[in-house]
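This report refers to the structure that appears directly beneath it.
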Amino acid sequence: MRVLLDNFSKSFGTTKVIENMTLEVGHGEMLALLGPSGCGKSTTLFAICGIHRPTGGRILFGDRDVTDLPSQARNIGVVFQSYALYPHMTVAENIGFPLKVKGMPGEDIRKEVDRISGLVHIGNLLGRRPAELSGGQQQRVALARALVRKPDVLLLDEPLANLDAKLRLEMRSEIRRIQRETGITAILVTHDQVEAMSMCDRIAIMKEGEIVQIATPAEMYNDPRTAFVAGFLGNPPITFLRGVMANGAFAIPDSEIRVPLPVSIAASEGTKLMLGVRPEHFTPAGDIAVSGKVTFAETQGRENLYDVSLDGGPLLRSIQPVRHDVNIGDAVTWAIDSKGVLVFADDGRRL
Amino acid sequence: MRVLLDNFSKSFGTTKVIENMTLEVGHGEMLALLGPSGCGKSTTLFAICGIHRPTGGRILFGDRDVTDLPSQARNIGVVFQSYALYPHMTVAENIGFPLKVKGMPGEDIRKEVDRISGLVHIGNLLGRRPAELSGGQQQRVALARALVRKPDVLLLDEPLANLDAKLRLEMRSEIRRIQRETGITAILVTHDQVEAMSMCDRIAIMKEGEIVQIATPAEMYNDPRTAFVAGFLGNPPITFLRGVMANGAFAIPDSEIRVPLPVSIAASEGTKLMLGVRPEHFTPAGDIAVSGKVTFAETQGRENLYDVSLDGGPLLRSIQPVRHDVNIGDAVTWAIDSKGVLVFADDGRRL
Amino acid sequence: MKSSRMLGLIMIAPAAIMILLFFLMPVVLTGVFSMTNMTTATGISGGAYQIAPHSLNDLKSTMPDIAEQMSQPRYTIDETGLKAVEGLGLDAGIATELRAKHMGEVFKTRREAERMIKGLDQGPSTTQVKQISEQFNRSVVNSRFSSRQELFTALDTLGFKLTDAQKDSIAEATYTGWNWTTENFSRIVSSPDMARVLFNTLLYVALVLVLFNTTYAMLLAIWTHYMPAAPATIFRSIWLLPRITPVVIYVLMWKWLAWDTGFISVLMGKFGYPPKNYLLDNAYNAWLFVILINGFIGASMGMLVFSSALKAIPKSQFFASEVDGASRWQQIRYIILPQMRWPILFVTCYQTLSLLASFNEILLSTRGGPGKATEVWSLAAYHTALNNYAGNLEYGLGAAMALVLVVIGIVLSLFYLRIFNYGTLVSRPLIED
Amino acid sequence: MAEKSQVSANYSTWPVILALSIVSAPLVLMYAYLFLDTITDTAVGSLIPDSFTLRHWRFLWETLPGKPNIWLVTLNTLIFTTSVTAVIVLVSSMAGYVLSRLNVPARGFFLAGVMVLHAFPSVTLIIAIFIVLQMIGLYNSLIGVILVKAAIDLPLGIWLMKGFYDTVPWEIEMAGVVDGASRFRVWRSLVLPQVRPGIMALGLFSFLSGWSEFILPQVLAPGGKVQVLSVYLSSLIADDNNFDFGTFKAVGVFYIVPVLIVYALFHKYLMNIYGGGSKG
Amino acid sequence: FAKDITISVWAGGTGPNDTYRLDAIEIAAQQLEREAAIRGEDLKIKVEKTPYADWESFKQALTLAAEAKKAPNIVATGHEDIGPWSQAGLIVPIEDYVDLDSWPLNGIYENLMEIASFNGVVYGIPQDAESRPMFFWKPYMKAIGYSDADLDALPQKVQDGGYTMANVLEDAKKMQDKGLVQPGYGFYPRNSNGPDYWQFYTSFGGTMEEDGKLVFDKAAMTRTYQFFADAVKDGVTKKNHIGMPGDQWWKEVATGKAGIWHGGTWHYARLVKQEGLTNFFDNVVFTLIPAGEGGKANTLTHPLVYLLTSGHEKEETEIAAQLIKIASEPRINVLHAMKSAHLGIAKAESEIDLYSSDRWAREATERLLPYANAMPNNADFGTYWNIMWKGLEASWTGAKTVDASIGDVETELKSTLGDKIVIR
């Protein structure tokens, strides 16, 4: 089912949170709403599921205008950030609740619950209460509860925020698998970029109530429209160098660093620029050699992360397969991969 | 200051949590206590800081036996998982509290607070209350409070668990930097392996109240003593293949997969074995080709993660730089790097 | 000793001492009183022996002569008395004149003796008259003796020859203090009204508790929960008013509503019904109002507890259930109520005990009437034992009646505490020092 | 965060407002008339006042014959009530802490015992309390009365405070001892500030209770001559000759007002008693 | 030599009109100081006055204070407290300190002095007197056929037994039947429990105490209960009359809503001063409580008495006794009588202008006081009373039949008072 936010606005009292947002999520698509805390992600979700009423605009499910429909009539499944499991009910009762309030006979509920709990691999936990479950199990119960009523739209509000790294990894693939299998339209709210990139067909990046860019993960990663977007995606994060346009190249004043820029970048001489260099594009294998001193190093198992303070002050980050020959304080000369650099205007626009 | 747990045991009523653990942390060293939930990490820490009394054994700081000393007399700094900031005090008051209870004059406290808050970069927040701080800022306040009394030992109980991924990354390096700068002995409790590996000099991996292995991060990663340890470290996690010893090679029955094993591994023919293959050791570049079907794929920005279901059922995981030519369902033939594989006995012991 | 335990003992000491002094000891003392016939007349701290005509009434049937003799006042002008008068240091002429003119005279009352003394030439002042007449008092009527010993010594000097058995009955009859007895309990058991009163009490506690202190309080909490903050606060304040209004005023307002000149009467008058006293018209009405009056006060405590418990349920659970399709009723039924077990138990327990002990509202509204229709145990205790128009409060009986209440209270509390799963309420300290 | 105090849009609020308005109507009506009666004169059998008068409020600016000055009485009441409140809050907040956190023998028994004692109707205790007071030499002293009144309200106070302490994270205390503070210091500087809502709620409860106390000061400290408002109030209808309902009601309203003010200031803390009270 | 002495005095049930209960002692103190001065003594008496508005807390406070030996020197309380308080040793006989044969004590009505005695000992001095008449609303009496002359003669007729309780019900019924008063307003008794109800028992021939023993006269009590049951049955009295609010009762009585009612002599002050019934004598006739079957017309007085408490220095008590004596002088006592609309305690009081010029005081004293009974000073009377009242309420409201009530009362009296009460 397609979901369309048409010129949607929402304010609380005098606080305008969202103004004239238009967003379309295609049928069966999984879209991530990504953005910093307080940018309006949850607000958007709450409007879609009907807990808050928009102060302007319309919300359409397929071609049906649901703007004034109460939640109960929208047929949506929601996984809340805190799961919002009912602590006094068993897992089975939690999952069966949406069916029970529909008045479905107990026998049918049991069947449905069995089916869906199998899908999320918690069939063996049905008799427990939420307090007796681990975070990941709770999360799957919440997911099962959201799915059991065969919703038209699935909304996930930071469903993984409470999990530890390992569980997170597992749940990412699980949710995606289920969403694919059931072919449901889903919106995932998160502020974790890895989550957004790994799980979704498209990502919408929000900032202060507005959508800054909407694209596929790869597009978003490779072709960010602003420095904000570029900084938001990538782990370890991108580093920026500040400089000016000098003879068709990016130059950092008072330093020898020159990065030739593609001709497509039409900036007049002396314009202030920002050069984004992702850690994987600053390695021994690049084409523009730069020297500096290692100020920080950490092992992450199969890879090492280095912060390199360039001559002249600016910092570049590098990620490389594990090596043992570089330590903090060492002088290194590594190279920027000129094909990987992203060029931004001083105000953050991508050039 | 050296910290020594000598034959330390702890039970709660009839529940034995730790039995006869011996652990030494060297002066200025940062040690990670890593392990699954409930294994006794916090219990160990609580004993070190004197909140719990050991039921057996001794605790030594340097050469001083502190076993029966109350917390107040131990001179330790602790950063709790929830930070445990005093919500009714400002940041400055929070940090200054340990000095205040010592009876230090107000003027001196102010100086110390200024110094330490500079160290953790929160000098500009001194007037705020904890509720007005972001998670990362709160974390730094907690750290400052732990450090301000110049403790002999710094204990960190999952200090990063509440932070989002990006902040976590930043704080990791920050804590490490400060620990290095102050040269304090530190113990970090965590269940996040990346955290443990990236921050600490050595890691102790615990399981059910016992220390399974204690080693440097690289050693631990490359030379795990058990399958449990191997599975615990590594992101994405290692995958295991189950098979038997057949002609000096690892073989999966009913499949063509054969992995030659080093002669050092002395296992009789037909012994059940587990082969651990880390995702970075299953790529197009390995030496033992294996075919399978991609069952899951996700982009993580600069890398892609694939789950490959081998003919015959077992699953291998692969991590590779971004590529666009492989999709879910595709048949691939990639190769295991035989130098990277880890061989375990059926009971999990490394061979 | 561990420092935290020491600190604990010190910090709990004020509460422990206060409760010991002003709760526990009084309760124990009340238990003691209940085994006595203590009244205003017997005093609290002990008695004396007083040969008063009233106290001799009982003896008149068993030993009429002695009783008669003892209860006669007698003033005899004799040598002993005159010696004593001389010793008073008054004008010497007084004794002389008495000896000369009145030796051997006997007066039946003190007043007569004093009239004589006043008529003496010396003209003693009133104070002196009293002093002098006292010296000639040859009876023990109305004198108080602090011990049995003194009483019988005095009787001895007056020449009473008494057997031990007679002494015992005299001592018993003339003792003014209280005695040990179990009679209070047998009185309670034998009183024709007590079963009825006990039933009333249970009815009262159960109805108010179920209808108002819990159900209606819950209704208030839920209603205000579904409201925006401002009206919710207003309604909560309105329902808190009965609790903070002095009960005399509060009950008066109900009378204003229900009396024959009250609001209901006037209103019904407009429809042609003659005015009547709706409050006391019949037992059913009285019960209705008793329950309303108490219920309106009682609802506020539950309302506060339930409201804050409701507030403690994470909002997301409400959102989730709405998204799951629950109607308002289903939300209440399946999400709110099941999670209110604890607060409901607490309120039930606390309010049961409060209700058992409360009677003021009933006293001021129906006084237990009409008839004894709305008399409850604590009110009966008050009525029979602690509110005596004629000034003689029956402390012993009152204590016995209160004790019954306490026993009921203890049984119920133990029952509730069991349900509360009391053991889980006190958890082991996590800091071991 | 998403969990704002916003009501969801899925249920309309007017049905509940309407329902509650209907059941609250009698109460509102009674209070409205109570107030109206203090500033008007109304004929018997009528509901509409005939004339406005401030006669009943005279007591505010002139001392009624045979009565003490109302402001003096109010001051007395205030002093009495605040003292009682202070004692209850102090004692309960210490005892509650011990019951919640410190390792003292027989804690559980104490807690249960306190609850059970509450079943005793306090009027019936007055004689026994008198004996105890006399024994310890506090009969006929205001301090004695304040202690007695406070003791009677202690059960609720201790339970309430214990519940609040239970909600304070142990970590705060752990941090405190690790930072070198003694347990007492931890209680005073770190834990006590966390239970402020509890202290407020308890303070409010105690204030309400103390404010309405009637019999204790009269009977247990007769020499103190502490006329409190409740006594002043009931003296207005004490007997046939001195029956003045208008003034009685006006004094009643006057009596409620301070409590309402206190309530208005602190009601949000009352909403937290579940923090609280019942979880034990 | 100089002497400073503090005399404390408490009075129960003391509202703004009754302050002379305390003030009289103060006036007496001045008098005594002057007398002392003439004798050449420098006596300074400080009087500490404590009024209690209600009875309940007053009595509790006083008994406890006395137990603690902290009682005031003088208390003014109902005479019925003499029994229990003297037994408990809380009070001392005043006759030990004053000469009863001297003025003004020898001028006090003999029956009042009797009421202040117990065990043949005079414990207190009457502080005031009152009595409780039957009131008739003149216009309605006329409307049912009484002439002015009839009404003027009514008090005498009642006294002679020519007009009885049966007539009360009859006339009340007539008033109602004629529509002069609403149903239930024909006979409009006191709205609460009170000593008044004993005077009906006595008017039906009952005796409260004989030879120091309480008496329960079953027949008389049956007639008493029956009278109220009949009144309810006839519809002239409301079944739920007891417990109605006082202000309503007053307003109704003062505005002629009730036909016949009873109350205390002090009601006059309230009706005239507070309720605005200024033309009292035009509207109201008052008489003794008429005789019932088997009894005589009578009324009840419930005086307050000054008592001396125990546990003080002898000298203090002596002075306190002197003060009581002086306060009982007609000139001083009349202030209380007139301000609070009570009756005088001595014949001489009637001769004081303030008193004699007051028609009400004069007529009420003459008409009522000589025929006044009082409740006995007996520690067990309260128990008797509670049980009696319970029975009366039960038969009044119809909760029990009269016979059943009497039966229950008898049972309960036997079980609680045993042989302390004579049942006949």
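Note that the chains take the letters A, B, C, D and E in the order they are written out, and that residue 1 is the start of every chain.
In this section, contacts are C-beta pairs under 8 Å (C-beta built on N, C-alpha and C of every residue); 3 or more make two chains touch, one makes a residue touch a chain.
Note that this is a predicted model, so its numbers are computed, not measured.
J.: Count how many hops through touching chains it takes, at the least, to reach chain E starting from chain C.
T.: Minimum step count, chain C to chain E: 1.
J.: What pair of chains has the most C-beta pairs in contact?
T.: C-D
J.: So, comparing each chain's Cα centre against the centre of all protein Cα atoms, which one is closest?
T.: D
J.: Can you work out the whole-Å distance between the CA centroids of chain B and chain C?
T.: Going by mean C-alpha positions, chain B sits 69 Å from chain C.
J.: Indicate the whole-number Å distance between the mean C-alpha point of chain A and the mean C-alpha point of chain D.
T.: It comes to 53 Å between the two C-alpha centres.
J.: Centroid from C-alpha atoms only, then distance chain D to chain E, rounded to Å. What do you get?
T.: 40
J.: Could you pull out the residues of chain C that touch at least 2 other chains?
T.: If we look for residues of chain C contacting two or more partner chains, we find 3, 44-45, 252, 261, 314, 316, 319, 322, 430-431, 433.
J.: Would you mind listing the residues of chain D that make contact with two or more other chains?
T.: 2, 4, 8, 10-11, 44, 127, 130, 174, 177, 182, 234, 237, 245
J.: Please set out, as single numbers or ranges, the residues of chain A touching at least two other chains.
T.: Residues 46, 50-51, 70-72, 80-81 of chain A each touch two or more of the other chains.
J.: Any two chains that touch count here, so list every such pair.
T.: The set of touching chain pairs is A-B, A-C, A-D, B-C, B-D, C-D, C-E, D-E.
J.: Can you list the residues on chain B that touch chain D in the complex?
T.: 46, 49-51, 70-72, 74-78, 80-88, 97-98, 101-102, 145, 149
J.: List the residues on chain B that touch chain A in their complex, please.
T.: So the residues of chain B in touch with chain A come to 37, 161, 164-166, 169, 172-173, 176-177, 191-194, 197-199, 217-218, 221, 233-237, 278, 280, 296, 298-302, 305, 307, 319, 321-322, 324.
J.: Would you tell me which residues of chain E are touching chain D in their complex?
T.: Per the touch definition, chain E meets chain D at residues 10, 13-19, 50-54, 57, 60-62, 64-65, 67-68, 70, 246-248, 250-252, 255, 264, 266-267, 269-270, 274, 340-341.
J.: Mind listing the chain D positions that touch chain A in their complex?
T.: Residues in contact with chain A: 1-2, 4, 6, 8-11.
J.: Please name which positions on chain C make contact with chain A in the complex.
T.: Residues 314, 316-317, 319-327, 330, 334-335, 338-339 of chain C touch chain A in their complex.
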